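Contents: one structure, followed by commentary.
Just so it is clear, A, B, C and D label the chains in written order, and each chain counts residues from 1 on its own.
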Amino acid sequence: MFDQDHPGHNRWHPDIPAAATVKPGEDFRMDCREWTDGQILNTDDANDVRDVDLSINHVLSGPVAIEGAEPGDILVVDVLDLGPHLPGTAPDGLAGAGWGYTGIFAKENGGGFLTDYFPGAHKAIWDFHGIYATSRHIPGVRFAGIGHPGLFGCAPSHELLAEWNRREQALIDTDPERIPPLALPPNPDNALLGTMSGAEYEKAASEATRTVPPRDHGGNMDIKNLSRGCRAYLPVYVDGAKLSVGDLHFSQGDGEISFCGAIEMGGWIEFGVDLIKGGMAKYGMKTPFFKPGPIEPRYSEFLCFTGISVEDGVNYYMDATVAYRQAALNAITYLSKLGYTEEQAYLLLSAAPIEARYSGMVDIPNACASIYIPTAIFDFDISPSSEELVSRDLGSQATTT
Amino acid sequence: MFDQDHPGHNRWHPDIPAAATVKPGEDFRMDCREWTDGQILNTDDANDVRDVDLSINHVLSGPVAIEGAEPGDILVVDVLDLGPHLPGTAPDGLAGAGWGYTGIFAKENGGGFLTDYFPGAHKAIWDFHGIYATSRHIPGVRFAGIGHPGLFGCAPSHELLAEWNRREQALIDTDPERIPPLALPPNPDNALLGTMSGAEYEKAASEATRTVPPRDHGGNMDIKNLSRGCRAYLPVYVDGAKLSVGDLHFSQGDGEISFCGAIEMGGWIEFGVDLIKGGMAKYGMKTPFFKPGPIEPRYSEFLCFTGISVEDGVNYYMDATVAYRQAALNAITYLSKLGYTEEQAYLLLSAAPIEARYSGMVDIPNACASIYIPTAIFDFDISPSSEELVSRDLGSQATTT
Amino acid sequence: MFDQDHPGHNRWHPDIPAAATVKPGEDFRMDCREWTDGQILNTDDANDVRDVDLSINHVLSGPVAIEGAEPGDILVVDVLDLGPHLPGTAPDGLAGAGWGYTGIFAKENGGGFLTDYFPGAHKAIWDFHGIYATSRHIPGVRFAGIGHPGLFGCAPSHELLAEWNRREQALIDTDPERIPPLALPPNPDNALLGTMSGAEYEKAASEATRTVPPRDHGGNMDIKNLSRGCRAYLPVYVDGAKLSVGDLHFSQGDGEISFCGAIEMGGWIEFGVDLIKGGMAKYGMKTPFFKPGPIEPRYSEFLCFTGISVEDGVNYYMDATVAYRQAALNAITYLSKLGYTEEQAYLLLSAAPIEARYSGMVDIPNACASIYIPTAIFDFDISPSSEELVSRDLGSQATTT
Amino acid sequence: MFDQDHPGHNRWHPDIPAAATVKPGEDFRMDCREWTDGQILNTDDANDVRDVDLSINHVLSGPVAIEGAEPGDILVVDVLDLGPHLPGTAPDGLAGAGWGYTGIFAKENGGGFLTDYFPGAHKAIWDFHGIYATSRHIPGVRFAGIGHPGLFGCAPSHELLAEWNRREQALIDTDPERIPPLALPPNPDNALLGTMSGAEYEKAASEATRTVPPRDHGGNMDIKNLSRGCRAYLPVYVDGAKLSVGDLHFSQGDGEISFCGAIEMGGWIEFGVDLIKGGMAKYGMKTPFFKPGPIEPRYSEFLCFTGISVEDGVNYYMDATVAYRQAALNAITYLSKLGYTEEQAYLLLSAAPIEARYSGMVDIPNACASIYIPTAIFDFDISPSSEELVSRDLGSQATTT
């Protein structure tokens, strides 16, 4: 991405120049590099995950200016279609060229939702078979991917950028030495800002925010239902809107719980755009709206796990994060009884089209969460039963060496 | 419920005697009173909600003993069907007799997920039309209910009961004067413990836990997908399992966010039961599992709202509760632009079959939540558009006088 | 039905007096007897099917007059809910009181879609478990019923009645001795016409049509998707519309292929009605329209069988009936390889929520049909595989003795 | 197709040499030309449809030999993915390069299901927007395509080929002068048989069957549910199976009722193959089985039309073809009331993902059919209502000049 004639960017900043311009009503196609720009390989160890340089991510394509867009408008973005790199369009070594990966990041370098339980680096390689994914590192499953862009949004205004930096620094300041950190401040190392250069680049690189979190503009929302055919409604903060996209996923479960929990890939995406003038005030928009598309993978049978906001004997009052963590751990424990390692189960919950729901949020003092695993993704019956547990050899995820 | 020949109970305690006994493989039907035992009326003010006596809830039917059940087993419970009171089986004045209600409880008496934003008492009455509900207090919507028992589970053991009391008292002790309280300790006032009486009753009433939260055994999980045709897997802690049920809902959205956010009703439920001997250890069960049934209301178009864990300019690190609250508030704001009061919108999100998902839980520092509103439940098109907003008179919820 | 104070009817005639009157916008509930009026019993032989008196069917409830309805209007009928007889409301011996049946009728007495292949009488008794049905005569399956009224519609005008008689007699006249007959002419034996009596009854009974076929008004459409929550649009031919209903089904597959192929039951149904004045001309209506309800059983995996319009080496040009018969026979053959008798398979395809589609209707000379069997209704995996076929003892349907 | 180095074929014959060989378990990708080999253009008249040379179709890709396949095996074919020509891989003039078409063929040259009602030539051009199609000839609709190969199957054996010719000639002989013909006999004109040439070619061309109908091997089944992610089970008649494919469709309704009723395109398809040795006898297979894929477009609201087997006052005993024709005509009439021409409606029912079901096949003398139109594909509400019909200008299909 750094060496392209038309470089993208890996930080958010209002001054990154538009790489192209389109009109409302137009369709257009963009190519995207995998989020780490090719650092993770199709191998059987996870050393690359352990050692990944996170200052590089996420490499984004764009920004694309939309004619007539002004601050306060809503940018209507149709995700018309997307896919991994087409045969012959990318080197085999790149994620997206027939394969993708899911990673559990090390606590010291990235972390993740369950990093206190799984502090090491692990990964699974997935092979693409048309709409389906399988993994030599997680045998016994095959599922249709729910492909989507993990990250897209319009550029922030200068004011919004400053507010992001203010509030995130305030958070960091509450525990500046924490590992993993509470948030990531601007980092000029490896900052890529399109065609910006010189002093302008230096200034922008020092204040441009990282791309990691979802924010008011959308950004790294990682919502699996922003899939093919969806319509997203995005806030516009700068003239031309400046839409960027990246972090394509072949599939992902709700929550993307292992940090790099989607099946990561490079590929292409086709967008259609339109405008609702003055839409932000008209509809009171603070963060994006969307309508899911009509071709999400369709499952009708699920095995579901619950969790409540109690951890290690302590009641966390109405804490939905704890409830969900417990639900995830309960699911992982269950899958481990069937023959998977806990890390395989964690990777699977991250990558497969599982659903995660807020189930009860009012029954003091316990929040209740639930996770829905489609049973049809497994080659074997995972239901609880009175029959004896079958001993299966289900191999192992890739780990560090 | 208090005056029945075969009283139920409104506290959890292992010593409440079984009201009936069934065999594994049997189907049986139970009648349930609405959770407040008839305190809320089919009226156009919310004074009854404001003044409700919460020491009475939830009135539960049971316990039912299952032959052969032992601690460590999994009780398989099929929710075969359920419904509101049949014509002629309950007084018209009782919720469930052709109507139900959703309430926003006052901050001083119950509270709820958004109680800081909506501290007053409000309610909506729903009329039942077969599988559908409509409300004179929320015109413009009609939807198929996703009926379910809000609350069911097996009796705790003495040890588990003690643990519940320990951990919840520890939470209360962190802020004993809080309004609403962090948790509810045992309360002998209005405690109903089946046929228990005398000294045995007195002792049990002083230690029996309230029925409000979901706990390890399930209990008040308020999961809308525990609907008709579902199969629940429940932990067994005492001989005979002692299954109880109550708090029937005609419908509810994920989260039941307004405390009494379901459409509350009395009615009947048909269960089938079976056992997986020694299932808890075999499957590593800590809290219930379940499989949803095949006849949940089916929607394919949704308007979705997102929320991130930032509130009033403050970043709440990976806090899924804050993210969901923001998503809910964003949805409420949007619906208010269409002509609803914010309270109507809040009630509607609580009662209708909306879905609420954990969307991103790893992108520091912001959790991301999303709420899915099925557009087909509205008489009019709620989509964002470039057309001018239509001014609609959509009345008002019932409020206090 | 014959002995009730308010008898229904088992023939169509415009002069049958309304049994009740309702207003547009009203909901109302009706009770229905099983279509043979109780001739089929919960037994393990099919002698009752063989010997059934078909002059009695279908016993219908109604007619209900709708205020303001006039010829040319569309009657909007919401099927708000329905179910089998409630506990205690019907004798155990009646279908609908916890059980129902599916029958293959004898070629000499009723016939059916595959009567040339299966000329004898057979039946299966189904037990109801809430929303589910199981059968001791077809073990290994359990499914959620797609309940619906097999037969409902408004009374024909005198002109339409005469047209029905004319065209059906013309068909009969092409082969008057055929067994089974091509159509059934009016038959005064056992004709029940509500409260009609005397000379008026005699005249009407001699011209009233049988209730067997679907006709312009709807009638015995047997469309499984006219299930709970659906909205039907029916033509109105007489003042007051005169809506009647009967032939309730606990479940049925597309086509109801074994004549009495649904799971037959008595029970109750709740309707809501409204009018579109002058709707027939406005929308060019010749036969009913409808919108399915939102809670049909939801399946996502199907094993499908195809058929083309070739039978015994003969090409039947674009004959969709032959194509469907072949698809059904192919499905039956397949299921018989798994251990079912062919009659069990035939009964199952009739009763379970299978889908049957017109697949190709233009590729001369062969029509193509397909049948979709939801795999989740079976206890075991029915998919084709390279593994050896398991020998299963799956018993037998009830047959004649 | 005729000029390629590796020509395909447009007739079925066992001796056409395999163009490639794959192993069971392998995935592979094939390119396909649009079925007329480029005769239909992206224009606003239908002269090309009127004048099309039907001796050329269908141009098929293959055959592909599968190692180890023998007569009597089942070939398992996974449709892993497919799509229109990728940007830059086909001339713009070819259907599939960003656009496709649906045609009503003239009665004198092709005909179709409703050719007696619509004898002229008409067409609609569809523009592709990622997963969606829109048409300047049918404004007001936008839908996700249900892409599939209209035609695929294994080569017949010599015996089966002879049987096809025998039975189809017998049909032709019943009315040899009929227009359109009852069936198409072998036609050496424009016959393309892969690399065959010389005397071998001459002989084969004289006996090779046309590709138009679905037959025992599958072939032109035109089943819309053979879409992305489906698994088809095909009979094998010759060593190596010799799998061929063509006639790709961007979308199609059940029945493909206007002959060329799908949205026709050229493009690519990715297959995976496997074998069930001896599967035909094991499972009693006569024609293909299949399992639909998990990402078919998902709709939940439908407006449905019924039809019975009565046409022009004549009763056609249990004739499902007549019933379906009436249902289709009823739907067309309805749509014409909303502002479409009848030809637009006919094209739309052919191209959009409508469902067509056999509804009742046992209620003598009338078969009942139903057609399900997803309401969400329209920009406006198509439901019947009491409001006045809006007059809309919805343009016109392309017609002949």
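The rule is simple: a contact is a pair of C-beta atoms (placed from the backbone, for glycine too) under 8 Å apart; a residue touches a chain by one contact, two chains touch by 3 or more.
Keep in mind that what you see is a predicted model, and the values were worked out from it rather than measured.
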From chain A, how many touching-chain steps at minimum until you land on chain D? 1
Chain centres computed over CA atoms; the one at greatest distance from chain D is chain B
Over half of the residue-numbered contact pairs in common: that is the test. Which of C-D, B-D or B-C passes it against A-D? B-C
Counting in whole Å, what is the centre-to-centre distance of chain A and chain C, each centre being its mean C-alpha position? 50
Report the inter-centroid distance (CA atoms only) between chain A and chain B in whole Å. 32
Show the residues in chain B shared as contacts by 2 or more other chains, in ascending order. 294, 298-301, 376
Where on chain A does chain C make contact in their complex? 298-301, 376
Quick check on the complex: what are the chain C residues that touch chain B? 27, 29, 78-81, 86-87, 129-132, 144, 228-229, 270, 272, 293-299, 376
Help me check something: in the complex, which residues belonging to chain C touch chain D? 74, 76, 111-113, 163, 167-168, 170-171, 180-184, 212-216, 218, 220-225, 233, 254-259, 261, 275-277, 279, 282-292, 294, 300-308, 310, 313-315, 317-321, 323-324, 326, 330, 333-334, 336-337, 355-370, 372, 383-386, 389
